[in-house]
Structure formats: C-alpha cells, structure tokens
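Dropping a structure here in structure tokens format, bear with me for questions.
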C-alpha cells in the first residue's frame, strides 16, 4: 500500500482515455496537487485553461471494465489562502422573468483561513459583514474514463462521474465509480473550499488543493456513482432535467438495497418511503446532479 | 384570540372558493379534524372520496387579496392508531427501464404508537423486522384559494400551496401563503405520520389527525409559499419539471432576502452560493415541489 | 338539429362547472360570439378581463361522464378588422442567456383583410414590408369541464382541453374531448386570425370571432383530446416539460390505433415509427401542448 | 472540385478527433460507404460494433475553429435491399403508466424496393398488410469534431451535430455545422431508408448506404447546426428536455434572421410568431432534437 506524491505538469479538460500520469496498485494512496476551476495553481498562476482542469488520469492496476473503483477521500487541504466565486445567481436557477434584472457577472475573492477553519469574502458588502461560513472542502469534479472511447467535458457529468459538485464528496467519504476501461483511469480536481447546494453561483469557492485519496478495486458492478459517509449511503444520478437525475439515483439505490441489504423492491419502497433524503448537486452545468441518501442506522 | 374546535361534516377535493365552513378572526386558533388522503376518518370509516379531502375553508377576517396568511402549525396529533402507505416506488421516481419489473401496487398498514413516538409496518417482511422510524407528523396538503376563480385539485400544488408533501410543514413551523380572495379561504388535511423526501411511494403514512393551527393576516405580499422553522427559513416552488420548481423557490428566496434582510441580488448570491439547501417535496403528483432553505444563523 | 345563435353577456376565465349559458341537443349547431384574449369584443371595447375569456358553458344534452364530446369546427369568422400580438419572443422559447438582451414587451396591431384572406402588421418595420401571411383562423382555447369540481385557468390546459393554441383546431377539424360532468359544459374562445407553431410570442393574432360549431355526444371514452382534419388524425398531450406532453399524446394515439384500427402495440409501433408527425402547440403557458398526428391514408 | 470515392475499413462510435481517414479540399465531393446503426454492411455482415458506427473523419482543408462546414447532401442510396427496425415504442415516448404493458423488444426486417421507391415489412401482421411507405433516405447521425478534445458518443447529439435523426437531413438539403478544430473532422453514417418524427421506435429503417456529400468551408460562425431545403431554412437544438432543445433552436434562428435577413429581435418575433414551424427529431437518445423551421418564401 504505497503512497504516491504526484505533482502534475499537465491537466485535462475532458475525462476520457488520456495517457496515464501514474500507475498505482490497488490500495495505494495518492497525494496529488489540483488546480482550480479556471486553471490557477497554488501560486495563483494560470497554468491551464478552463473548464475544471483535472489532475490524472491514474491507472489503477487490476481494475477492469465491469469493476468498481472505490475512492477514499482522506484529506482535502487548500494549497493557497484565497479562492474565488462568481456572482450573481446562475441563469439555470432563476425564473426566466427574473433574468432580465440580474446584475452583471463578477468574480469575488474569498480569504481561506485554515487556522480558523472558515472562509470570508475579501470585500464584503455591508450587508454581509461578518459572514464567515465554515471551511468545508469538497471535490467538485472527479471520476473515471467513460465507456466506448468517449471523452466528456469536465463541465458536465454522467455515469462515470464528472462535475457533480456535491457537498458530501468531502473528507471521510468513500465514492464508488463504475469502471469502463482497464486501469479505470481516475481523474480529480475542481476543489471547493465551501459550496452550498446546487453550485448556484456557477462556482463553489474555487481554489487549488492538495488532495489525498486511496484507490481500491472492487470486483462488483455498479451503474451510477455511489458513496458513503460516516452516517449515510448515497447514490448519484446525473442528467437533465433534475427529474431524470432523481430517477437514476433512486433506481440505483433500489439496486443497492437489493444487492447488499436483502431488500426486495417492495421492502425497499417501505424503507425509502419513510427515510429517503434527496440532495441537489450541480444545477448549473449541462447535466444536473441528484443524490439519493439513506442513513446507515436504517440498514442492517 | 379565540380557539375554535371544528368538526367537519363535509370535505373538499379542490382548493377553490367554496362556502366557508367557519369565520375566524385574525389571530384565532383552529383545532380541526382532518381525514386521511383516501377519506378515512378517525374511526377508519370512509366518509369522503379521494384525493386528499380537505377540511375547510376557513374565512379569516381581514385577509384581502395581496395579503399574506401566516399559518402557525401548533400541533398535529394522529386521531387513530393506524396509517397506510402504498408500495412500490412511484412511476415518477424510477428509470423508465426499471418500470416493467415493478411489483404490483399494494396498500400496507402501519401502527402508530403515540406513546413510543414511532411507526411500524403491521406485517413487515423479515428484511424490515424492527424498522420503526420516528413519528414525524406533517401536513401533506394545505393552502388558500387560488386567484381568479380557479379550483385546483388537491392532488396538485401551485402558488397558493396545495399538495406539497414537504416534511418541514410540521409542528413548530410557520407557513405563509399569498392571499388571492377576501378571507383567504384556508384549507388543510392530508396529514402524514411520517414521510421521507419526495413522497416517493405516492403516500406518506396516511392517517386522520387533529390539527391545531393559528391563523394571522400579514399586510405584505408574497408570490410563493414561504415558511420558517426554529432553525431555518424556506421558500417553496411548485411546478414541473423539478428544475422549474427550484427556479421558483430560488427566485422567491432572492426576493425575501432583499425585502427583509437588506441583501441585494449580488449579496444574496454570495450568501446563498455558500449556505443554501434544497429539499425535495412531492415528486409524485402533477406539480413537483422544491424548497429553498437557509439557516437563520446566516441572517441578521 | 337546431342552430342556436348565442350572444354572450358574460364570460369565464376558468374552465369549470359554471352555470350553463345555453342547453343544446346532441347534434345541434351553435353560432357564438367570442371576444379576444384580452377581453376586447367586435367593437374593440373591453368587456371582460384576462386571460382568454370564454364563451359558454354550453350544456349538451345526453353527455355524461365517460362520454366524448365531438366538436365540429364549421366556421371561424373574425368579427372585426384588427387583431393584436405581443412581441418579442416569449421567455419560454429562448436560451436563458439570450433573455437579458430581449427588447421590452410591446403590443402590435394587425389588419385583417377578409376579402384578401390575409393579415398585415399595421406599422411594419421596413424589414417586414409586404409581409402578409394568410388568414388562418383557429381556436386557441376550448374544452369541457374537468373532473371532480376543478376550475382551471384559461391560461393553461389539461386532459379536458383548454389553452392548447394548436393550428389544426381550424375550420373543417373535428375535436373530441373527454366528458367529466353531465352536459359536458363546453367553453370556447381565444380565436386567432393566424399563429405559427408554439404561440411563441405569447399570442396568435388575437381577435374577436363568430364561431360556428356542431356538438355531438359519442358513447365512448377517451383520455386526452383527439382530432381529425381532412387528411389526418391526431391526439393531444398537455403537460410540462414538452417531453411529458409528447408522452401523453403518443400513448393516446396508441390507444386509438388499438380501439379503432385493430393495431396492437407492436403493429402500431411499426406504423408510427415510419409515419408519425409531432406538432408543437402552446409552449408559452403553464402546460405545453404536443400533437401526435398520422395521415389517414396510412389507416384502414 | 474533386470527387473522392471512399470505402472505409474502420469506423467510429464517438465523434471526436480521430485520425482523418481522408483529406479533401474545400468544395470536394465525397462518395462514401456507410454501415448501419448496428454495424451491418452492404453484405449484411457485422463489421463494427454499436452504436451508430461512423464513416470518417474527413479533414476538410481550410476549415478552422470558428468557421462553418456546409454539407450538401447530394445523394443517399441504400446499398442493400433490407433494413431493420425495433419495436415496440421507446420508453421515452410513453406515459410511465403504459410502460408495464409494453410487449418485448423485437427486431423486424423491411424490404427496400429501390425501383418502386418504397419499403415494406417482410412479415407484416395482417393489420399492416399493404403498408408500404415511401423510401425517404435520410442521415441519422453526422457532424464535426466537438470543441476542446471531447469525444461524444454517436448515440447522442450536441452543438457539433451527432445523432439528430431529423427527417429533413435528406437529399437536396444543405446542413451547416460549427467548426471547432482544424479540418472540421466530418463524420457521417446511420442512414435510414425511412423514419417518422422522433425516431420513436429507437430506430429508423436502418440500412447501409452509399452517401454522396459535397463539403464547403464558410468563413462565418454559427453556434448550432443549421440547414436548408428547397423550401425552408431551419436551425437545430440538441438537449434534454425537449423544451431546452426548442430554446436552442429558436435562439439560433433569431441570430440567423438578424445576421442574414436584417430582422432585429422584434421584427423576427413578428415573423416567427406567425410562420414558424417546429419539427421533432430524436426523442429516443440522451439528447433530444428540435428543429425550428421557416419557409423561404417569408424571407428576402
């Protein structure tokens, strides 16, 4: 179980089947630098172009099509003291009638205070003086090579993962992705220091990171990304409209409850009907993301 | 501030402009019996037809078009010891490809244990033995008369409220509805002993209730339902697809943050971008429901 | 088979269960005045409020829930020489990113030349000098009382018809509606002198009409509106998003091909797969409209 | 203006930036063999895998990012005497409630009679005896390399074209695609002998073709595919839900009317409001297709 310290010199704007940047064994840990969504690195120098430049791909030995890649998110540490966001709200989350009165797009800088564990607008309007939400690092975009030679923009998402912008892809979470090519070809990046549901300003607090993940191969097959936190299991659907993303996530959960928890479709519906939670990931980019989540305490 | 004990003898399957069942003063409290979604009362006798028979409408003195009706949900007490649900999962939350293998629809009975504060399937499959989620009463369907003489089925929802099936419409919550007719004409019913997000089996645990609400008139105008709990404020959008419901809820929150919290569109986007939460209400019936929620601790 | 000349003195902004304006026998013909979408009558006097004031409802003797009302559109004659439209394009048909640059809403007047059979902007911009599309009268909004006491705004549409804004609801067409109440309660209005697909400026060329329709009761059951022209049969779905409207229309056509043409689901798919046509009705109002159309020459 | 006879030995299941199969000059004509959607060639031998294997890519000299590639569809000749379709109707076009009763998927063979100019089911059910729609060849999937290194499955579509399944991509039509890479990299295939709107059985009549197209480079920029037939001009939107595809197509038409016909947004809306037609392309695959079409006689 080796640990690899990886410092990329090139990045990727599609998740596809690029030449691996590193081969790792099943169970190895990778400590990798990632740059922010607009290509700024830890020194705030633009080293790559938009959107969401990815570090990778990592070839995981033993991973074959039909397998599952487990990504243990061990640690996400911002590698610089500032991040940025857009404002105002994205076009996709506004009533069309409200769009005409939307102010012009702007970029704002946030200070990231690792010691205090919080983030702050550098130049807050008076109405937001003192607004300092908690630092809550998360991975905006990660996943594995899609099937059949596709190369998908890092602005979107699909069955292989991608730009899901889901808050629970955070330290302590294990994410699972369906493997479509030998070696899985794992990409990661687009770290956020903080982000509400939906990535509704079109960004989280975008910054560069040092990300530590452990990669394991499972000899089982899944269809959509799955995950677990200390408290919950969840499944992910990526599609548009949101209704379809929700359908994918719900159906994947139904499969999971059958496979691992012995719940047939009727029993699963009795459980889910009372305890299911839906979370909204990205509602900014081409495909939208919905998570279907169940607390572990309801499962045996 | 009178308290009225109201025992209905007739119900309504549309939210419209029916003859008021009772006139109450601004600030009065109503303790009203409601029957379940299929018309079963506290004795488990069918006294009205589907869908979601409503108690009401209550005429609130002083409420005029353009005002807001505040509904303080004081207490929701199941009036019988059983509820029921459908299974399996609704067609609207499944991948179309998964629908063909769906088991036949069935109705299941749940025991409601007021003392223990929990609910249990009467005849659980072995895989759900011991499954006893907490009793979490909520109002599935409530609201006020819509504008311009409309009468909307209690199976759907709109700007005037209706069948939103949102978990946070629970004791302690204040819900606000935009008034379109003199007296507001407030209807309520469709109580659930428990329900996960989305009402994804097409029901919560449906039962009859004694519901206590206090009704107050506010001389201000809102466009979509709003609410607050001890911890949060939220806005509601009702539409299909979910994307549109989310747009309505988000835009209404933007208006609220401007009106009451002094946040212009840019400041609101900085706040919401980091702390907004989206909850999914009904995804079963014609219109779907999304809540846009913000913790009060972020607001001054 | 009587012919009734009906001159309304009041109108309706919802399609519901209002007191009938006239009782007619099965097979009778009605010649009725309608006013335009904003309430202007033949003298260009505002006699009622928006939206889409309806003439009716007509009680058709013998019509019972579960029956079908056939509406033969015999003649649609504008009753004044001008109509009006909005500009620019509606919010619902634009990319959100294009909305901010949309010019302000305006109302334009069109001259209706019955002799020439054409319509012309009264004050055309130079780029539209000479633009004179054919006069193509159609009914924008018509239908029967919905089920269970609902009263639906004339700005929307549902299984009972309503504001469908479909070009083929024109002279020579027979429209069929599912009857939900005794007497059917038929409403009509919102005539257009011309309109492209989708009603994408939010209006057709809105004007007052003398409309002649013959009403017949069929002892058969349909679920969604249907129609036939000289050349085609078609079914209508009303819902949002368009995908769902298309699903309703397609499924209703599948039922029709089985009932009247002996085609099982597989045979129907072989036929429809090669010859089906989809037309887009209203994409402006809450519910959108799709027609599924098949040329009669393919049917026996 | 050379004519190139191209006989492929390999195919592509993504539209990306593969090595060109041939370099052609601006204005050259290509006569190319294409195989059917499942990889069957003119001899009915499977030579490649699904979905929609493409012939190409053709490098067109002089084409640079920001240019437009014009594809003149000169001739589409089936290269064998049979095609095939699926049945029954696709899941995407059915009411969810109708899906459970759908018969099992099957493949049917059609005879293509070039002399008679018609197609016929080889083993029609009695209810379809004599059903022989006209041979109407069309291109199901074609387009150019997308931007930024993407490689998109030939089962879907985007701004670069792809699997649009639109009936008017037929002989005599000129299609225009936005160029994102040097040489444009043009792919084509997935020919249909006939197809109704929507590709609602998941296929047209799939067969192999000899396709003749002339490729020209235009030094102008477009955002979405455009086209013209003898009678009409049209724009294409590819997205889901259909509403969004319609928005893309409509907005692109607005741009076109401004660029080439001198119509500002208001004048364009006056014209489009009266004469626009919407056609439905693919409603089977991930992205759906809508065409916004205007008869040339309305344009100067």
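Quick notes
A, B, C and D are the chain letters, set down in written order, and residue numbers restart from 1 in every chain.
Basically, contacts are C-beta pairs under 8 Å (C-beta built on N, C-alpha and C of every residue); 3 or more make two chains touch, one makes a residue touch a chain.
All values reported here derive from a predicted model rather than from experimental measurement.
Both chain A and chain B derive from one sequence, and where they touch, over half of the residue numbers involved are common to the two copies. Ranking all chains by how far their C-alpha centres lie from the centre of chain D, first place goes to B. When the interfaces B-C and A-C are ranked by C-beta pairs in contact, the top one is B-C. We define each chain's centre as the mean of its Cα atoms; on that basis chain B and chain C are separated by 34 Å.
Put simply, the C-alpha centre of chain A and that of chain B have 32 angstrom between them. Chain centres here are Cα averages; for chain A and chain C they lie 47 Å apart.
Within chain B, contacts with two or more other chains are made by residues 92, 94, 96, 102, 240-241.
Against chain D, in their complex, chain B makes its touches with residues 91-92, 94, 96-97, 99-100, 102, 241. Considering their complex, residues 85, 87-89, 92-96, 98, 101-103, 106, 108, 119, 121, 124-125, 127-128, 131, 133, 194-201, 203-205, 240-243, 246-248, 250-251, 254, 261-280, 283, 288, 298 of chain B touch chain A. Chain A meets chain D in the complex at residues 13-14, 16, 148-153, 239-241, 244.
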